[in-house]
Amino acid sequence: MQKIINDPVYGFITISHPLIFDIIAHRYFQRLRRIHQMALAYLVYPGAVHTRLHHALGAYHLMTIALEELKNKGVDITPDEVVAAQAAILLHDVGHGPFSHALEGQLINGMSHEQMSLMMMQQMNQEMDGKLSLAIKIFSNQYEKKFLHQMVSGQIDVDRMDYLNRDSFFTGVSEGVIGYHRILKMLTVHNGTLMIEEKGIYSIEKFLVSRRQMYWQVYLHKTVVSAEVMLVNILKRVRVLNQQHVTGLHTGGVLDYFLFEQQTSTKGEKLVELFYLLDDNDCLFAIKQWARHKDEVLQQLCNRLLNRVLLKIKLQATPFAPSVITEKRLEAQQTLHLGEKEAEYFVFTGVSDNTMYKMNDNNINILFKDGSVRDIAGIDNPLIHQTISATIKKYYLCSLS
Amino acid sequence: MQKIINDPVYGFITISHPLIFDIIAHRYFQRLRRIHQMALAYLVYPGAVHTRLHHALGAYHLMTIALEELKNKGVDITPDEVVAAQAAILLHDVGHGPFSHALEGQLINGMSHEQMSLMMMQQMNQEMDGKLSLAIKIFSNQYEKKFLHQMVSGQIDVDRMDYLNRDSFFTGVSEGVIGYHRILKMLTVHNGTLMIEEKGIYSIEKFLVSRRQMYWQVYLHKTVVSAEVMLVNILKRVRVLNQQHVTGLHTGGVLDYFLFEQQTSTKGEKLVELFYLLDDNDCLFAIKQWARHKDEVLQQLCNRLLNRVLLKIKLQATPFAPSVITEKRLEAQQTLHLGEKEAEYFVFTGVSDNTMYKMNDNNINILFKDGSVRDIAGIDNPLIHQTISATIKKYYLCSLS
Amino acid sequence: MQKIINDPVYGFITISHPLIFDIIAHRYFQRLRRIHQMALAYLVYPGAVHTRLHHALGAYHLMTIALEELKNKGVDITPDEVVAAQAAILLHDVGHGPFSHALEGQLINGMSHEQMSLMMMQQMNQEMDGKLSLAIKIFSNQYEKKFLHQMVSGQIDVDRMDYLNRDSFFTGVSEGVIGYHRILKMLTVHNGTLMIEEKGIYSIEKFLVSRRQMYWQVYLHKTVVSAEVMLVNILKRVRVLNQQHVTGLHTGGVLDYFLFEQQTSTKGEKLVELFYLLDDNDCLFAIKQWARHKDEVLQQLCNRLLNRVLLKIKLQATPFAPSVITEKRLEAQQTLHLGEKEAEYFVFTGVSDNTMYKMNDNNINILFKDGSVRDIAGIDNPLIHQTISATIKKYYLCSLS
Amino acid sequence: MQKIINDPVYGFITISHPLIFDIIAHRYFQRLRRIHQMALAYLVYPGAVHTRLHHALGAYHLMTIALEELKNKGVDITPDEVVAAQAAILLHDVGHGPFSHALEGQLINGMSHEQMSLMMMQQMNQEMDGKLSLAIKIFSNQYEKKFLHQMVSGQIDVDRMDYLNRDSFFTGVSEGVIGYHRILKMLTVHNGTLMIEEKGIYSIEKFLVSRRQMYWQVYLHKTVVSAEVMLVNILKRVRVLNQQHVTGLHTGGVLDYFLFEQQTSTKGEKLVELFYLLDDNDCLFAIKQWARHKDEVLQQLCNRLLNRVLLKIKLQATPFAPSVITEKRLEAQQTLHLGEKEAEYFVFTGVSDNTMYKMNDNNINILFKDGSVRDIAGIDNPLIHQTISATIKKYYLCSLS
């Protein structure tokens, strides 16, 4: 049996293996419908309301094409490995919490979303009688065919290919569109490692430039940054108030647990089941409740986020002078009749950064026709050469005006 | 000053008038971010998660183009009328409740979303010192230039043009894409009425066929129908349980008011302010809470909707025989250990219908080169002629298997 | 080895079998680069300059996908049959002469382009040691698996699917875009015949409506008809003048042979080799030469076509009255100082017709889930039912004004 | 009156001024239909068969949008200047000869296509009673508002914007797609000069990278280079044979004049009228004739080009060693039984180069929010900084194997 899913980005996504059906039908996977892929970017790009579930399906689709291409080139990949790699990519982000990266580290103490993904996969694996064992091996890079893991997580993995494309598509920022089809056709495996054929260099160039552009135009767009830090500040404020035994903060939902209780005591299956109940809706519901809370700071932040009255934000290449920050805070204290500490929720500084290409173990390697292999950063190419791996930092200052 | 909004469907949407800025910045308008344009269609089409706010902006964009085209053809439209028509279309759907059409009539007693839109516009008009008066006249068809209202609401209004295009775009159902640009270029005004130029007949044909296809492939897709009736059944069950004084149904949010209180006592501004707080999140949060409720029916329905374990649905051209329904209900009683009444939440029948073109006052009129005017249903065209205005009915039966 | 061809319509077209390489590299196939797919439609749609070669590659691509889909559904298709069907579709139009349909029957006496395609395939088969024998069988419907021929030539063959899509793409007429991907996924084989699965009905509906729209908006666009009849008239005039022993008509190229010599004496290989040399360039070169010829009629027609000063054309549902034609001819005689006979080159009438769906052996059959089969014209569907197979006729009158 | 032209790239192109109608209807402009925009690139990218006429219309469309944007920003542009700038861009390439850049300098002695464009515009201006005078001033940079010329010809002119987009579209090379809409919205005029607003930096970055990619992937694609040098060699060979009084070289068309006669004696109007008759068809017709010529070199080159049996080509970063060239030539002499001189037609070397951004008077200037202006090459941007203006050279060697 075969199932076809309409996808505006790729046309159709085809599902044919029973295990893939079961994963998609699983409540942990379905939960991803309730998590925005791009957190609060929709406050700037109204189309960017797509979900983590959609991204997972898209990455699965690219994985399917990529594996097919590699098999056509003679790379040895068994049917079991195909399904395992598909399962691994479907579940690679299953552990993302509400608003994905925007709240990473805010709700689940000391646990990255990758670790949570792994816990959820292990839980699912139990329910599915071990059918996910190979997928988990690939996901956690324990499998001997390293290229399978590189396709799930690396500098040119299908995860990135899908999110760049999908995020471009839904934001309408055409600068981010990548020629994913061509890149997939240029993939190859050499010495057990994923590589790009020589004639794919321009596509990789384009991929890196697109990624860079998406970072600055979208992911680190100053208004998006402002909104997402406001969201973080809301949770901070709630926790501070709770420590001061202020009432009216509980929502009745599972968010209460993640905000106010000791998570260290909960483990494994129980934590995962609580986490399964947690999604963007809990936060939005809470923000609407808190928008009517008596605490002025909390109420203000919530109403502002709800009604898109965001803090003003300025960017510059160097850190902001303490005097500038102080001045803005004094201004906020006066305007909103706040204490010094409270003003910090409305006036704060931070830094965004992005590196076009990271020099590390997961290099993008080019396989030349003569059989030689070179890192893309090392090839004789004035666009990529030298500049490619520099990290760009932008300092920001949020304030009322 | 000018603001540009990225829109994946049209590229860029330009805002230039201060009143339009103010409308978009208003909390009532921003609330539309929290209402899915296509209710639960995303359970079938994962990309269909766009919001009412996005649709309103898109319709505004088409209105802007349409007015420009008409002005270029010499139709007399003043600058004030332009802004008023833009405002009217921006706000035409502001009164939609959670999950739009899927819950129409379920939460707000005896009030259509158009009536609520009008109430909200009036409230905003007060806050804006009467600047929306002309927009309200156009919206409620009280303005002498009837064609302005027809552009907001009629058989070829910019509302439909945007939603067909946008819904096609986000679902990925290419059959629904319409050549909106061409239709807009074919608009004209004759005797004060909106018309289509003769050479636009094929575009209108395409428009009607696309609309028809979107109805059957998307809006009335059987799985979508199943999910949306399940959602209605959840609310029904909650209300029944509440009447039986069952506890654990209140969510703490504004939904409690709309579910359990007498709305007739609340009027005007106060109702509108409560309504402003109500959106999709309240329903989803409630469903997650109720998924752990002790009532078996409620808990089952909520978990099924949450995890996409939808009821099976069958379609046919004639009503289902009572014996078939009875049999399915018995089956459900046994499987789920339910009483007769309870089984009705899982086994039920209904009817979907669609008319490609409605014969009424809002006809699509074609202006021929010789100056004559004919209704599109009356022209000598084998595709549209006769068949176009027939209503198609499909009966459905939902059940466990 | 694999070759990838960039195609703006489908992204990439992949070639992998040596026989397919050889066909594409063959001079007969390469000649298709020099024949416009849509004859003179580019005079109305400037983008419509794509070639027969491009269409052939596109149809090959769709064939490849279609065969893959059918194999996935368990239809028995051998590797040899795959390559043969691919070869057949690549070559199905190889016998088209200059300006394809516009000059069909004008240059090659009593031979359709299909017959010429067959002759050329046979010639190629000799050069290729019989490797095209199976392809020829499929092409000429001599092969037992009838569905393979139906995919090459039928009412929903990949030929039509490609040209509708490609012609929509290059003209920019979005009304003609079809959801080819979905149609291909709906194909199935039942009782040895190509069919459409039940859930594909809407896609077929859309396909038929798109086809109808492309006919009226593009293929039979009145300005295109005017230009193409002018082209036919140029050749007619040249032949008449040649019979009158007027000089200055020969171009020095192979067109002279097809215009002025007895083709009946040339057969087989020799004819094919002459035909291989004939393409759009010969006609355009000739028209530029004749634009300076002393014959007023010929010179006028050629200059008009060259500089896009086309005859005016009117359409109506009934034949034009002889009196109207006579009047227009008198007018032309006076304006251009022509005799009665000469005026007929500038004033003439004719008829265009189109049938949305032809009732014949190549029906579009729908395979219902219950195993029953019905012709699409017979299903209970108000859009297609009855009206679908009516032929629409439009009479035209070309004249100077 | 208004005319709408369908364009697959931009949707619709609207013509509304009588002068623009007259220019488009002029035989010089219509001639552009018979010149491929991308010369022989269609031998690699089968979709790239679009014409110079289509490009001119596209650039006109972008000019129209750009002027509108600038006027909305308060830049003083009169209605006459609008039409003149539109006329200038429509005609900027009217002087291109057969196969555009591929034969630049080969057929018209000592005259660039820009000079020929100017001559043709002057000739048209006479026929049109001086209505093109302002357009000619803008085209030849004699007009005081320099920014109008910069929009016609500069580093971010609408010419480049259209050809990058259009060539990407028709080749299907998505890497070349630029966000033209955004760039147009970022244009501004400061101190009489065309500039880009600060927030448009990323779009310009993307534009430069896309341009670079189109050069290497398409315009200077090695197979395209091979084909185009073969075309040049054909003409060289014909001229050499003609000097040796070899017969059978004349085609009967206007190409004979440009190949064999002294052009210096012909001037102005007469030359322009001969040039008007010359287009791609003359060359293709000639090549088909010469493919049957008795000279082995000429015949081989022509047949190879016709049937796409192109010379093999190798690229490298440094010049090829003379010994390598000699060896290949000896090989060619033996294989084809040629003399030393003749072998040079089949074995030759050359260089392709491209500069991403040229440091000259036509800089791309960025206007910062604080009112300062900086050249894009000077801004603190690791992607563009330093590397941007380096010229990349690739040496090629064509040979038989």
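Here the chain labels run A, B, C and D in written order, and each chain numbers its own residues starting at 1.
The definition used in the following text is that a contact is a pair of C-beta atoms (placed from the backbone, for glycine too) under 8 Å apart; a residue touches a chain by one contact, two chains touch by 3 or more.
Computed from a predicted model, the values in this text were never measured in an experiment.
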item	value
Chain B to chain C, fewest steps along touching chains	1
Distance between chain centroids, defined by C-alpha means - chain C, chain D (Å)	32
Centre-of-Cα separation between chain D and chain B, whole angstrom	50
Chain D residues counted as touching two or more neighbouring chains	11-12, 173, 182
Chain contact graph, described as a line, ring, star, complete graph or other shape	complete
Chain D - residues contacting chain C, complex	5-9, 11-12, 25, 27, 30, 33-34, 42-43, 45-47, 49-51, 53-54, 57, 169-173, 251-254, 277, 281-282, 284-285, 288-289, 306-309
Interfacial residue positions of chain D with respect to chain A in the complex	173-175, 177, 179, 182, 202-203, 205-206, 209, 212-213, 216-217, 317, 356, 380, 382-383, 385-387, 390, 392
Contact set on chain B toward chain D in their complex	2, 4, 11-12, 16, 72, 181-182, 185
